[in-house]
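Labels A, B and C are assigned to the chains in the order they are written; within every chain, residues are numbered from 1.
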Amino acid sequence: MAITLGELAVRFGLELAGDPDATVTGVATLQAALPGTLAFLANPRYRRQLAATRAGAVVLARDALAECPVAALIAANPYAAFARIAAVLHPEPPVVPGIAPSASVDPGAVVDGSAAVGPGAVIGPGAVIGARVAIGPGCVVEAGARIGDDSRLQANVTIGRGAVIGRRCVFKPGAVVGSDGFGFARDEDGYVKVPQLGGVRLGDDVEVGANTTVDRGTLEDTVVEDGVKLDNLVQVGHNCRIGAHTVLAGCVGVSGSTVIGRRCMIGGAVGFAGHLEVGDDVVVTGYSLVSRSLRGPGVYSSGIPVSEAAVWRRTVARLRRLGRRGTEGGDE
Amino acid sequence: MAITLGELAVRFGLELAGDPDATVTGVATLQAALPGTLAFLANPRYRRQLAATRAGAVVLARDALAECPVAALIAANPYAAFARIAAVLHPEPPVVPGIAPSASVDPGAVVDGSAAVGPGAVIGPGAVIGARVAIGPGCVVEAGARIGDDSRLQANVTIGRGAVIGRRCVFKPGAVVGSDGFGFARDEDGYVKVPQLGGVRLGDDVEVGANTTVDRGTLEDTVVEDGVKLDNLVQVGHNCRIGAHTVLAGCVGVSGSTVIGRRCMIGGAVGFAGHLEVGDDVVVTGYSLVSRSLRGPGVYSSGIPVSEAAVWRRTVARLRRLGRRGTEGGDE
Amino acid sequence: MAITLGELAVRFGLELAGDPDATVTGVATLQAALPGTLAFLANPRYRRQLAATRAGAVVLARDALAECPVAALIAANPYAAFARIAAVLHPEPPVVPGIAPSASVDPGAVVDGSAAVGPGAVIGPGAVIGARVAIGPGCVVEAGARIGDDSRLQANVTIGRGAVIGRRCVFKPGAVVGSDGFGFARDEDGYVKVPQLGGVRLGDDVEVGANTTVDRGTLEDTVVEDGVKLDNLVQVGHNCRIGAHTVLAGCVGVSGSTVIGRRCMIGGAVGFAGHLEVGDDVVVTGYSLVSRSLRGPGVYSSGIPVSEAAVWRRTVARLRRLGRRGTEGGDE
């Protein structure tokens, strides 16, 4: 697909420095771009690649314009503008309606005529599959689950019984939404399972990463609000609520009944204890432990970057002494 | 299903304060409960909700009775009593025997007539599926694996060749039990794979979380004893043994050949190095690293809760100095 | 299968102390070995078991020979020699060519006549499946993906569109390679998805653990070089490059655009921030956070081993004070 720079400037409200009739047909990195492709500069780390780029045009901020050797589309938010243009130049393949012969669709399920159900997929009784939904190969949608319009389950995804999924959600391979929460009551003989009777509700535009898991609630619902993005291998426990437009990077774990606010940014492998309340606009840097409630906005951390092992061994030895020495009030 | 408070009191050995002929039909939280439902109070965090509850009855400890505005069932362990009652009021759907037409059952497999095999499930040669077992859609039971009576594999679960699974076990979607362990011998040219020839054995009443992985042993078996509960995204390496009634919360990783005792409680995202021995009744709080053997009973920790990022940066800078300053014997 | 010690010595270039006509038929641990089986001693932790072994022969280093009560095969690298012998005594079952009736192979896919496609597997249009490849039950190979000769996808594995996989690779159950990366541009209204247009390339002899995830690149490719071994529940983000013969233990997370060198050894649950460069021959011990680039070779750590909880609480309290006290230059 070829599109002129002039059309891109008009369509996305960008200022063009260059020939409006020049065309681009795809996107690339600054370093790899060839003439006829569009690149972008957003991360200053890559600014040194700008002068040598062979791209047909670059999406960038005004302050980088002077260094740009080719046409430029000037954006207040170059990365977002680039993302929107890339989606136009490289559109997702359309959903081809139909149910694969090897799919198993319960007679009591309702599948919109515009939806696609892939080979080996299984749709349970009472499930409702919306317009233009894609259910990929090997996916399982359990009884009574509802999948909103334009959502896509990629492959081997499992959506639990009665789950309610919004529109335009994306589920990457192996994602599991609506599994039973981890609820046990300790007893003299071990553990008694607590039935997990709540549901799980996802808003619109939620993305759930590969092999990520979101549990259903115990008595009420686990809720993931509009626009939340969960990376791969994330765990969200039962009864949690994740606020709108919050992002959880890979390997994050959220223990049960914790509520996270809106527009939070949670770095990779962060762990949350259960029953906490985290406010809006909280940032937690990667590899941190959140074990108390946090009021937002704010930036929080507890990750320790690596040292050389020999140095680190001494650090740990001294840390131990800190803990052993008398009371907290003791002198140092 | 309606049941009288009197019947619940008798059946579960509870003391009733209220009308024995009043009925409840389901369970709910203190806050959301309507008349005719049963709530509970176990976590003191929710005690303030007791006075305003509209529940038909509340399961609680004797010391909370005075504050209860409705009927009460008094239990020494309210959460366990509630769990048992909830299971009666909301029973799991029964297993409907039969093999789905789209399932692939090897002629050399033995599937009990009371078992259910869902759409797209695959049962390998020599596998043995016990009474009332449910094999969910998309599950794979490899050659020679044995699944004990009343166990349930929910969806897209994989049970490796020759695995031996006890009774009443639950496998949530995406769980993998019996994959090859991670065994390689380093050599001048890279790594030589060490054949993983051991098996994996799970006791009775084991629960394996969504996308959790348990590897088979190298030469002997990986063993998970009776009543062990593994939350989502847990990794148990080859040759490990997890003692009876031990609980591992989400995202825990146990490296190979580590033995964990009975009745341990391991918090979320805890990591265990390999070849360790951890005793009975050990508690490890979330986000800790266990890199030496631990004698039980005891409580162990190494997780650091978050600080504001600016404070944390100073903490890390000072930590670094601790490590750099001279020898361990140096003065402070 | 029985093989003489003499043949093993010749075939693997080992020195034999014992009867060359004695045979072994399998392998076992030192402790469990019976006559007629072969054991090994590599980890000094198990040296005390040598004197009592009933094995037919033991693979060991010369310095342990004097304590060996039975025949010995002396190796410079006993573990690697044992691994090679074990693979001969316990060969993997051969791939039985053929496509299961319940598999869905797109007419536009090319499946080598010597490959096996298991029940319920799905092969998309344009995919190319090499010689002697095994595609296990429930696996999904998306459009245009290429699987090199002798690679094995075990069960419920997903290989994304256009992924290029080398020879002799192993994918354990639930592995996902080639899912879309986690790319979003923040905007006033939330997040704009950045199309993930790059690919993913794996070299030869790569092993991908159960439920491990490797994302495709944003504009260029994610690359995993020859001989890399990824344990279970590992996450490799978009645009990463993992150098040849590097090993990542379980639960490791590598954020996007990070490049890791060759022959690195990364311990369990280590986290890497994004956009880093890690040199060759770097070792990172388990439970560490790598948030800056590391030049190799070297050993790096930041994991803190557990203390008793009471001691640890004091340590944390003192740590907090370190961070709060004035400037970094302040006295202690």
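Throughout what follows, contacts are C-beta pairs under 8 Å (C-beta built on N, C-alpha and C of every residue); 3 or more make two chains touch, one makes a residue touch a chain.
Remember, predicted model here, so these are calculated numbers, not experimental data.
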item	value
Shared interface partners, meaning chains that touch chain A and chain C	B
Shared interface numbering between chain C and chain B [over half = same, under half = different]	different
Distance between the centres, which are taken as Cα means, of chain C and chain B, whole angstrom	26
Per-residue overlap in chain B, given as positions that touch at least 2 other chains	102, 120, 138, 156, 174, 211, 233, 251, 269, 304-305, 307, 312-313, 319, 332
Contact set on chain A toward chain B in their complex	102, 104, 120, 122, 138, 140, 142, 156, 158, 160, 174, 176, 179-180, 182-187, 190-195, 197, 211, 213, 215, 219-220, 233, 235, 237, 251, 253, 255, 269, 271, 273, 275, 283-285, 288-292, 294, 298-302, 304-305, 307, 311-312, 314-315, 317-319, 321, 332
Contacting residues of chain B [partner chain A, same complex]	26-29, 32, 42-43, 45, 77, 79-80, 82-84, 86-87, 90, 92, 100, 102, 118-120, 136-138, 154-156, 170, 172-174, 205, 207, 209-211, 226-227, 229, 231-233, 244-245, 247, 249-251, 268-269, 286-287, 303-310, 312-313, 316, 319-320, 322-325, 327-328, 332
